[in-house]
Amino acid sequence: MRKSVGLELFLRGAVARGYPRVIGAHRELSWLFFDIVIPLISTSAFVFLYKALNAPAAYVGFVVLGGAMATYWLNVLWMMASQLYWDKQAGLLEIYIMAPTSLMSILLGMGVGGLYMSTLRAGAIAVVGSLLFNVQFDASQWGFALLVFLVTMVALYGLGMLLSSAFLMWGREAWQVSLALQEPVFFLSGQNFPLSRLFNSVPALMQGAVTFVSAAVPVSLGLDAMRQLLFPGQIVGVFDPWVELGIMAALGVIFVTAAYLMLKRMEWLAKVEARLSLRWQ
Amino acid sequence: MSVNIDNANAGSTVADQALEEAVRVANADAALRYAGRPLAIQTENLTRLYKIRAEKKDKKKNDSPPARTMIALDGVNVEVYQGELFGLLGPNGAGKTTLIKILTTLLAPSGGTALVDGLDVVKQAQDVRRLINMVSGGETSGYGILTVHENLWMFSQFYGITWRDANARIDEMLRIVELEDKRNALVSSLSTGQRQRMNFCRGFITDPKVMFLDEPTLGLDVHAARIVRNFTRSWLSENPDRTLLLTTHYMAEADELCDRIAIIDHGKVLACDTPANLKHLLQKQPTFDISAAGITDKTVAALEAAPGVVRVIATPDEGGISHNLKFILEDESAIGSVVSTLAAHNGRILTLQKNEPTLEDVFIKLVGRSLTGDASEAAAS
Amino acid sequence: MLDAATKNGTNPGPTRRESTDKTFWTDNIRTFRIAARLGWQVEGNWADPFVFFIFTILRPLATALILVLMYTVIAGGQKPQFFNYLYLSNALFVLVIQTMSGLAWTVLDDRENYKMLKYIFTSPARQISYFMGRAVAKISLGLLTMAVLLLVGVLFLGLQIDIAKIEWGWVAIYFVLGMITLVSLGLILAGIALVIARNGAAIGEVVAGCLLLFSGAYFPVDVLPPVIREISLGMPITYWLEGMRRAINGGTLTYVADGSSGTVAGVQPISPALAGIDNWQLLAIMGLSAVVCSVVSYFFYQWVENQAKERGMIDRLTGY
């Protein structure tokens, strides 16, 4: 029996791990309710808040776009970063470690599969939200916006890989950290408001630090760039979209490389401390 | 060299040394027996320590409570030859799973070395993974949203198996474990036993060179367990270049399947030999019970004088019609002279039974308790 | 095969005896007490108290900051009473989420993660008391978080609360009635959680998200389209939030309208739809809600538990 090695093995592993995610999106349709209708309702709450505050119409668009992009952050947090924790609970982590394909291959498959799932959700939220609230996007720079989106995804899922390697060592702390990161990142990424207003609202002494922390989450600058491109003239961005694209490309390289190194280190540490099969901890 | 294991669980250094010597001798015998075959698994002085976290109440009492260390494996030396079905027996917490986890690259040893097919499990982990697989009994791994076939296909891809080969192997394995009608069923709809059978397939579809089975029949019904055992045996006989290491709590399973067995407790290998030799440790001379009619004093005298007979104890039964004869023989082959002597003196054999210690007797003697941990059994024996 | 006595009706049947179970209240109290302790262990023993505290308030604090930013970005510090409305509601809403999600999450966690639910159901422990006990930790954390948010709001974020004006009596009454209602709704969700798959793990938060839209938590219900506004005015949480806001504020929240955008100049209630209901009417609505929700939740739970047993959901693992 021929067995692949090298790149072919890597790709087989990635395809195989992504498969359950893609299939799950089509077989188990309850996500239509839980991952579209409900986020749409939450997004609507923020839309009505802006209406109550008599905000400009563009802010409704910001919220809808922010709600769609939040799907990706939640996917990275719950189905990448802490996924190895869930797999450990299910006894699957041991099987992944024992297999000759690398964990990066497994994570890549998770990432691509998760991206597919999230795109279905985000697309539905964006389309339905836009129709419900009559959001007008400017499509003149759609190509650039798409490029920004793709680079953002590479950086974001690279961050997911990096976080998953850290979570390899944890038990219930992994779940608690994921829970703790959820809303703070929504805040730091300007999910519901222009990011530049966040930086302007903090004391000058803290602006640099807040900008740095915020920029480290790819969703922040990615969302800001996309808002500048899809709602031109209606938002003051943090940086020029090209600068933000460059930052995210750099982040993508950094996160993926760091994830590779961290994964090896954490896998070794987990083996030394016998955490790979430690459950209910 | 024979070794007296009567004080095997006495806890003395002398006893430990005697056991270590016995293991060394047994390994040397195995080396001779399997001369020409490479070693599939080899550990040398393998050690694994765990640090026990101090309890919160201890932390409150002391500023810096001493860290406790638990020794899971203590200088384990195991040699398994290619083509062997090697068994690992031991009570819960003995170190069996720790040993398997180290050999399957899931756990790092604290000391010593472990080689699988000549490859270091620590330094050459990736190479080792291409050659091995593991099935843990009681595990029901898999994604419920996928079908049986899809789950097995997914796992096969992690080993780089082509789609055509994977599909063929999956269908073959499903047929063997009698799950072919569940090929397209969602895993979430399977019963526990069916999921375990699927898990069993997962291990073998990658055609590993060294296979680790950690209690593979745990929770399976009698029929499914028999399928698993039969397949395990036939897989090895059809593939003599493969090796299998099995842990089990079922003595009969170990006795039936294993070429050699290592008995492990508190991280130490207490004995390592064929099941027959292990039983001989307890009882060097075979004993037989024969119920026979037409026995006279002359018959008993003739039996005592028969070649190979060490001792005969004749007891008339309650009805006085037959006698119960207990024989201690020098060798099993002496039973032939016993039977012929009885026939020559017009004795009629009603029943004949060979008595020998079971593997469980050996286990209790060595470990000091049964697999259920009842120390009184050791005292009674 | 029936024996002759059974066939001709003379078989007296199996020997039955009357139940001597007189331990209903003892079982309930014991179950509640043990479950409450277990709930705290499950919630908090993964970290030391300080870390645990930080993690507990981090999420709601971030949500509060999001709202503060949104308000600051648009209103620029104007309409402070609206800020009070927004911030107070958000702090109170934390309790809604914790209570409703706490009960549902307990069911799913015990069934899927710890696989203990079947042992609870086969023991003499009373299920409703068990779930309520388990939720005590989450509810307590919700109360603590609410208090911290209010403190942070007053000290750092410009929340204006005059302690002298707080109507403590109304606070206590609305709080008690509200908790009865919330716990009852949480019990309904716990029952639903018994019969759904694991992907409904967020059902409590999901429903809380819906309530966010319909209960006037972030904005007055008057902003909603008419149909949705009617739904909102039919929900007990809407009145609970209004009652608590009034009691803490010392009266209906108002703002000074400048007469633009069709508003009448002068002091106007932030939520005109609710301003016309006085405290006693609110009390009656809350009281009725508490009674109705309690009764409905009790019988609904009994029914759905039977459904779960019929469908074999008590010990089914549904993760994928």
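Couple of notes before you dig in:
Chains: A, B and C, in written order; residue numbering restarts at 1 for each.
Assume contacts are C-beta pairs under 8 Å (C-beta built on N, C-alpha and C of every residue); 3 or more make two chains touch, one makes a residue touch a chain.
No experiment lies behind these values; they were computed from the predicted model shown.
Each chain's centre was taken as the mean of its CA atoms, and the one lying most distant from chain B is C. Here the chain at the heart of the structure, going by C-alpha means, is A.
In this assembly, the C-alpha centroid of chain A lies 49 Å from the C-alpha centroid of chain B. Separating the CA-averaged centres of chain A and chain C is a span of 29 Å. The distance from the centre of chain B to the centre of chain C, with each centre set as the mean of the Cα atoms, comes to 55 Å. Residue positions of chain C with contacts to 2 or more other chains are 319-320. Counting only residues that touch two or more partner chains, chain A has 20, 24, 28, 90. Residues of chain B in contact with at least two other chains: 143, 145-146.
Per the touch definition, chain A reaches chain C in the complex via residues 20, 24, 28, 30-31, 34, 38-39, 41-42, 44-46, 48-55, 59, 86, 89-90, 171-173, 176-177, 179-180, 182-184, 186-187, 191-194, 197-198, 201, 280. Residue ranges on chain A touching chain B, taken from their complex, read 1-5, 8-9, 12-13, 15-17, 19-20, 23-24, 27-28, 90-92, 94-101, 106, 268, 271-272, 274, 276-277. Contact residues on chain B toward chain A in their complex (touch as defined above): 50, 101, 104-108, 126, 129-130, 132-134, 136, 139-143, 145-146, 150, 153-162, 165, 169, 202, 206-207. Across the complex, chain A is touched by residues 46-47, 55, 58-60, 62-63, 65-67, 69-75, 79, 82, 86, 113-114, 197, 199-200, 202, 206, 209-210, 212-213, 217-220, 223-224, 261, 319-320 of chain C.
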